[in-house]
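Note that chain A is present in both complexes that follow, paired respectively with chain B and with chain C.
Then we have the complex of A and B:
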């Protein structure tokens, strides 16, 4: 059973292996080895028998082949209605075949299935809303990814991403020391403008424990500073854990089920250790899906809930505005055409559409909000969800997929897109770079900071003296 | 022949249908993953039941779901076909008469003209769904022989029954064909995709629970999935 040095069935579990895989620029050798990678048919069939339950079996069997899912899929629509992009076809020709052939498939089949699973489905779950039988192809594609991952057929970046979670319990090489230092650095940096601002680490029994996306400490730590400033203004008693602060899960995108569980257990352990009243996650969709929606199930928690109530950032913002913890200066509200990008993971799959609208009612001058069509739970994926954004091999397909969102935004005439989700934010940034439609895009934190009223006692002393 | 088909064979067909369907439901429930599929309805029974019922009711109501509303023509065909296959046989005068003669129980029946019209509409709807399979590339690509077979099996009792009802004489060939095709249809249900007779409710309930408990229902927005 030939397995490559880079491309093989083993998950990445050491720092050395991670570095070696990273050194293979763009995965050139990795994908070359994948051409030779063989399928362990017995193991594949054994995995299917053990994990493929009656729910998905029924979905595959009773699919009426009515095609109602076709028009629900933005990838079908944006790819000129190519019948091979019909959700039912995508799953029946991959997972369906694997099951019907009892795992007797070859490398070429798996490579094709890999392309379908990661470049023709973003696991947005929109088709589930349109299927008379309630078949959720996104869920099945997520499962298919797990089978492909277990056989080594996974895009290079996601093999690395899952490995990062296994090695660092974060999607990037951010160690506990890096994280703690970043928190201290950000708190220190704000002292001139925000005297007394803290980023309390490992404070027990706080009201709030905050978790984030490793990209924030790694690439834009100002996001962490902004979160701290907003908690500071709102007068919240909050903390971050030194361990278990990373909320995202590239392992979910990769289909690495074991790493998914390890990752969320790390966060849950922090919750149990610090006993916060509740946990607030950053402006990220898939992180919320992984840690709050799916995580409790992965971890086998009997009530399907996280150890403490765990809310999305938009829920905290809506609450802070409603309760007056954050007050908006009416003169500084958004006065240009603006639209909101509803994220699949916390809007469609967690019901926060109206919570987001509540925020908009505070921060947008009436008359300036233009909704996308369709919107809320029925919105289309940004075009880069489910890991699609990060896979170099599928970049051309991803860029094509962005056209849906581009056209939705153009139809609103909005100049600003509010996108409180890392994946959506990236996709919209990329579509601007690719198609130049002259729009701006933003998370909530920087917008709020521009318009929030700062209580007198929090302002720096010398500024007051000048007045 | 006629006595056998309306006697032991009819009983056997019904038995296979009922036991087979029950077996499909048991197999479905027992085959679920405790960890991934069953937690929500074990722990949040009230929300789960609400989510399941809502999901089922909105989808068996004409134009009750968004999907039905965005595909009005297909929805019409879908409901006409199912009314012809489920409602008409249950409330058909000739069928109720047989039950009444044998068991002495009866229930209201459809006027003959309405039953005829619904039967014709159901056959037309079935034909439309078949034609659509070949006309639309997005449906053609996913169509299998199985899908054609089950449509044939389902339409056969309607066509033969309609012709038989409008022929003179009691024991004509069409009636015999109607009984045979009806029995084939009943027997086929548990073993083919027609098992959606029960599995639709399992699958629909499951996604209703999933969205009603795990994926948003706890935040109380009345969306129907």
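Then we have the complex of A and C:
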């Protein structure tokens, strides 16, 4: 059977197809069909020839299989130093083979490669820091995912996720109407506590355009309300676009290059339409990577830049604290052992480690911050990055991967983990559910709201204080 | 009076008391009633898996399972549903407080009825009873319509409202609660008891805490009740009493309601601080509703007040 009904080489492009795929619980039929899915070898080789360029060719060639990357990989360490988990092995046995065999691989090979690409590598890029040749296996694994996706070998949830981006330009089924309605709902919900608070939609020439993660409007709309309150307190002139508000990219995790491009083009169009001075993204790591770091190249922007300066939420928070737009009540700073989860995508891969530390210097009472070991750009992945969190088929492997982060957190003795990244936040939530180590975890926004000093003129005035 | 009621339920026996009140009200007022159930995993807004209320197992929330849950709810409330022509069942996956608020907004509900509070209730570890910040706290704070809570079975055996206690802290939100109390009292031709408690815990200075100081506050509060509320009642004033006590508000409100044999307490939610460090025992409202022997209805905003009845 060359192509299945659920599992095939075609991307999901309609709402009906999405619903049909979703109705196949846990992708049971999807994975059964994948057993029969054939590889279009000619197309695979043609794709490789077109897209596999000198940088990756050089990396594969110069890789000496020296194994210095082994100990850098948390999945190698946590899986009892299984040699099959050595990063160089993982890439040579998948992408390396595909290239060397000129695409002449079969379905069994591709199914195995799928398992390696999505359950043995989170594309955290940590190993690249230890390779004497500077080979970045995370980047190559991301590319390998693209080849696998193009042949239909992709985990069920990510095929759906990429389809969501194609259909809704969001990782979840949030329509423009849903989004606008949620903004209005949240502004309305806050109006008593925050008179004058607005979530301005499609305001042109604002100082800030804010973009977020679809699960915020879909399931955690209070996150949007919190962002609005903090902008309100800081006195920012900001807006959200009615279209192009979704910053994340499950299509990047899936390796659906076309959907990646469609998604960021949507955001860039909003920037060009509304002309904000700059754009601020929410507390999400991969969203930053997708839309700020890689997006300009996907969209074919010649300067490799976003249409306006685009910063991560921690950069705005650090700036607001530094410039006094947000003032912290010293009495309300965190006074319990606390640690910080450095996200791969905006700390290791975008260099914001010190920015995050600057924030901590304002919100944590000196002496209470206990860093993980290792930390900053050398921190390990949360255990759920690169789509790993969301793939049911690989859940047991993911749960094992969480042990690294669990032990890092336990070693700090911290009771609270600050995790300004949706993926990290989820992974830490899940590790608490799985291993019960009695910790709390939080984004920055709710913590800031507990300790920020609210200027008198922003407080509600209608209350009569009886005492 | 309440055209559309959202009854939020765990589907478990701990919501039976609330169910009794919700369906009874729907029958009494000919209301449309939406039986709403939220599934999920505690602390997780988005998930393909949900925790089954009965088994505690994580299961796939696919259409087949969701239909099974709907069927389960239809069976559980079969008798009540058969008596309500305008009833339907809605379910959602997510965080309960958020999803209750979402459905209340989407349906433009006139009243939310909730249960699942009281005796340390935990259903499948999901409808967890937190001292603070629980589902009720969040719904009561943010809902635009009145929220009626029935926490104890004892609170649900009643023959309609006839004896209504309105407890006020003189806040703006209390004005909406007063209007609601007035409307209900007129509608059911019942008695209305206006009540305030001088919060001794908030009095710090030695002068304020002398008996003279306290009595002066009691007198002042009585005057305030006259001016702010009683004077506006018209004919209803004949069936209205005023009382001001001192102490801890939630204790005094519950005691007062018991003394007057109230069958409904009306008050505002009015809590800005949700920080558990600052309010370890929850808001006054939360404390009242887990202790009261009658349903408690709370409202914060004037938006969805029922129209003044036939008075």
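As a working rule, the second predicted complex is superposed on the first by the 461 of 467 C-alpha atoms of A that agree within 3 Å, B and C clash if a C-alpha of one lies under 4 Å from a C-alpha of the other, contacts with A are read in each partner's own complex, and residues count from 1 in each chain.
Here, a contact is a pair of C-beta atoms (placed from the backbone, for glycine too) under 8 Å apart; a residue touches a chain by one contact, two chains touch by 3 or more.
Keep in mind that what you see is a predicted model, and the values were worked out from it rather than measured.
Applying the stated clash criterion after superposition on chain A shows that chain B and chain C can sit side by side.
Within the superposed three-chain model, A:112 lies out of touch with both chain B and chain C [touch as defined at top].
Judged by the touch definition given at the top, the superposed model places A:86 against chain B, while chain C stays out of reach. Between chain B and chain C, B touches the greater number of residues of chain A. In the overlay built on the shared chain, the residue A:26 is in contact with chain C alone; chain B does not reach it.
In the superposition on chain A, contact of A:68 is made with chain B only, not with chain C. Contacts of A:185 after superposition: chain C is touched, whereas chain B is not reached.
Contacts of A:193 after superposition on the shared chain: chain C is touched, whereas chain B is not. Note on the composite model: angle chain B-chain A-chain C, taken at the C-alpha centres, equals 160°, rounded to the nearest 10. Contact with neither chain B nor chain C is seen for A:327 once the two complexes are overlaid on the shared chain.
Of the two partner chains placed by the overlay, neither chain B nor chain C lies in contact with A:357.
Residue contacts after overlaying the shared chain place A:203 against neither chain B nor chain C. Distance between chain B and chain C in the overlay is 31 Å (nearest C-alpha pair, rounded to whole angstrom). Residues 27-33, 35-37, 39-40, 43-44, 55, 59, 65-67, 70-71, 74, 78, 129, 133, 136-144, 147, 193, 195-196, 199-200, 202-204, 206-208, 210, 213-221, 223, 225 of chain B are the ones touching chain A in the complex. By the touch criterion stated above, chain A contacts chain C in their complex at residues 23, 25-26, 157, 172, 185, 188-189, 192-193, 215, 218-222, 392, 429, 433, 450, 462-464, 466-467. For chain C in complex with chain A, the touching residues are 41, 43-46, 48, 60, 62-64, 94-95, 98, 101, 105, 142, 144, 169-173, 202-203, 272, 275, 300-301.
Within the complex formed with chain B, the residues of chain A that make contact are 51, 53-55, 57-59, 61-68, 70-72, 76, 81, 83-84, 86, 88-89, 92, 128-136, 293, 297, 300, 302-304, 348-355, 377-378.
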